[in-house]
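First chain written, first letter: the chains are A, B, C and D, and each begins at residue 1.
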Amino acid sequence: MRERFSPQKIVGVMGKGDRATALEIDQAYQLGKLIAENGWVLLTGGRNVGVMDAASRGAKSAGGLTVGILPGRDKNGVSEAVDIAIVTDLGNGRNNINVLSSDVIIACGIGAGTASEIALALKNNQKVIILTPNQVTIDFFTSLAPDQVFIAHHPQDAIAQCQALLDRAAPGGA
Amino acid sequence: MRERFSPQKIVGVMGKGDRATALEIDQAYQLGKLIAENGWVLLTGGRNVGVMDAASRGAKSAGGLTVGILPGRDKNGVSEAVDIAIVTDLGNGRNNINVLSSDVIIACGIGAGTASEIALALKNNQKVIILTPNQVTIDFFTSLAPDQVFIAHHPQDAIAQCQALLDRAAPGGA
Amino acid sequence: MRERFSPQKIVGVMGKGDRATALEIDQAYQLGKLIAENGWVLLTGGRNVGVMDAASRGAKSAGGLTVGILPGRDKNGVSEAVDIAIVTDLGNGRNNINVLSSDVIIACGIGAGTASEIALALKNNQKVIILTPNQVTIDFFTSLAPDQVFIAHHPQDAIAQCQALLDRAAPGGA
Amino acid sequence: MRERFSPQKIVGVMGKGDRATALEIDQAYQLGKLIAENGWVLLTGGRNVGVMDAASRGAKSAGGLTVGILPGRDKNGVSEAVDIAIVTDLGNGRNNINVLSSDVIIACGIGAGTASEIALALKNNQKVIILTPNQVTIDFFTSLAPDQVFIAHHPQDAIAQCQALLDRAAPGGA
């Protein structure tokens, strides 16, 4: 009898690189840890800075599996907490791959790159959870796609909403 | 003596496809016409709908040159007013090419795709002129990159600001 | 009555950059000149070296229009003979755009990059004219797709075959 | 004390989809199994046909981890033996990601798509092992880059050469 497999659930965590705040880095670490504890794969932009790095380290602290979608043409600058480094040589064009490959996207802080990822996800009819956004960010993205944007107030809240979205996407069970 | 050439100035006009409003389509047509009258090349997403198509038709009405960066794997669905059809097979990943190839970007209306293009342009340290945006759009993008976002109130205003940005980028003259 | 437009015919010329031979550069210049004289748009990889640069200069010598699909994230290194610089930030990933955007591809010399472009064109069911190839190159590509590979013995021969392929693709006339 | 991690070794197996021969499928399955037994991650084009599917199933039969780089805009058509599905929406443009992300590439059979991957790998200065190629394929690729092309006569031979290349790339040990 042939065993059945299927792709694992992937949760993308997006956020700033060099300019991430201490709060965003702390929240990204917690998100990564919770994602791993739920048995999901973490996907980030893969670099060894900011939210990408912190989320990946959080996931590894809980024994999770981490994927990094790198913008450059080799693995230079990859986070040491990335297990699977995907080398795209696409620059910011890789942002579309980040969102397309994620079953749910969590935005942890907002910069121009993260804004592009949220917008691409909405364009692709995907769901995005935005963690502790300011009001102008909420207003803007809900004006674009009110049914696809979810607001979370702390990492555990984001993960609970993520679980609900994954369950809704696969009603028969993961 | 060898003649000197250099790449032509390219102005990108971004906006909705199927869901563009009548006002946006009218403004896009005017933008395209004015871009052609200024001797610039028009670049759009290339499809035969909405802002892309209207801007291209406007540019052709004034004898301009039009470039379309298509998302699909062939020229199906290209606007008949596109002279140079670039076939990317990148889906929305082509949005990054739209902005990188444009010396200045003008957003004519806001949807998720256009929002991704504005955000990618800001991430790439480019300038964006947003035509008649609502307040939430102004607030959001100026919160991301206040020095890179310019607001225009009608097509002629957008073109005047575009001229100023192109002059600033090349102080020695176009 | 609304005037009818449609995308112009694009002929891609592919070949080596830094390592192009003097013969390849001479042939590329002639190809570019002949493409312009036929009223087609020339498309190349856009850089200011080798076959790309020579073909573009040839086309400009005859008043043609030239498109360059650049691999980097800005216009640095563009050939001064490129009119329309498309900035992709895709590295060698831009090779697929080179071939998809060309109605016919002419390979002028063979290196690894050009080989990838021929192979991608064949994969995309496109036609490729290879100019003065060695026997091993002929044998390899005709073994992959005998009906899509055409051999030319000098630039005028390549252009004659290009004309035939364009006519066949559009039997009603260009 | 902080634990040290680093990206895992990735071996890419490339080959035909729908037109793969029974021999190629058998060899791909063996390659996948051996890659998993060596503790490497398998990377393929991810679809549920041909060499991609067979290699992934072979790797899963030995408890390995499998990555699939999909050409489309969603996970439709993914092999059920792919653990990590990367959704690129790049069409054949994803071939460059396949090779850039692989520490070593093994070609199992030759079609136009695989030829583009070998050529892109050579262009990127990477090493490629070609399994049981015909003479014309050997002649062509060794004419392009003699120091980067390795010929294997059966799957175990390919894996032994792969091990040697990975050891050479990381002399201090994996």
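Operating definition for what follows: a contact is a pair of C-beta atoms (placed from the backbone, for glycine too) under 8 Å apart; a residue touches a chain by one contact, two chains touch by 3 or more.
These figures come from a predicted structure and were not determined experimentally.
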Item to complete: Kindly list the shared contact partners of chain A and chain D, in label order.
Response: B, C
Worksheet item: If you list every residue number at the chain B and chain D contact, are more than half found on both copies (same) or fewer than half (different)?
Response: same
Discussion item. Counting only Cα atoms for the centres, state how far chain B is from chain D in Å.
Written reply: 40
Practice prompt. Round to the nearest whole Å and give the separation of the Cα centres of chain B and chain C.
Written response: 27
Discussion item. Residues of chain D that contact two or more other chains, please.
Written reply: 73, 88-93, 96-97, 124
Worksheet item: In their shared complex, at which residues does chain C touch chain A?
Response: 73, 88-93
Worksheet item: Any idea which chain C residues touch chain D in the complex?
Response: 90-93, 95-97, 110-113, 115-116, 119-120, 122-124, 134, 136-137, 139-140, 143-145
Fill in: Sites on chain B touched by chain C in the complex
3-8, 10, 41, 60, 65, 67-69, 73-75, 78, 80-90, 96-97, 100-101, 124
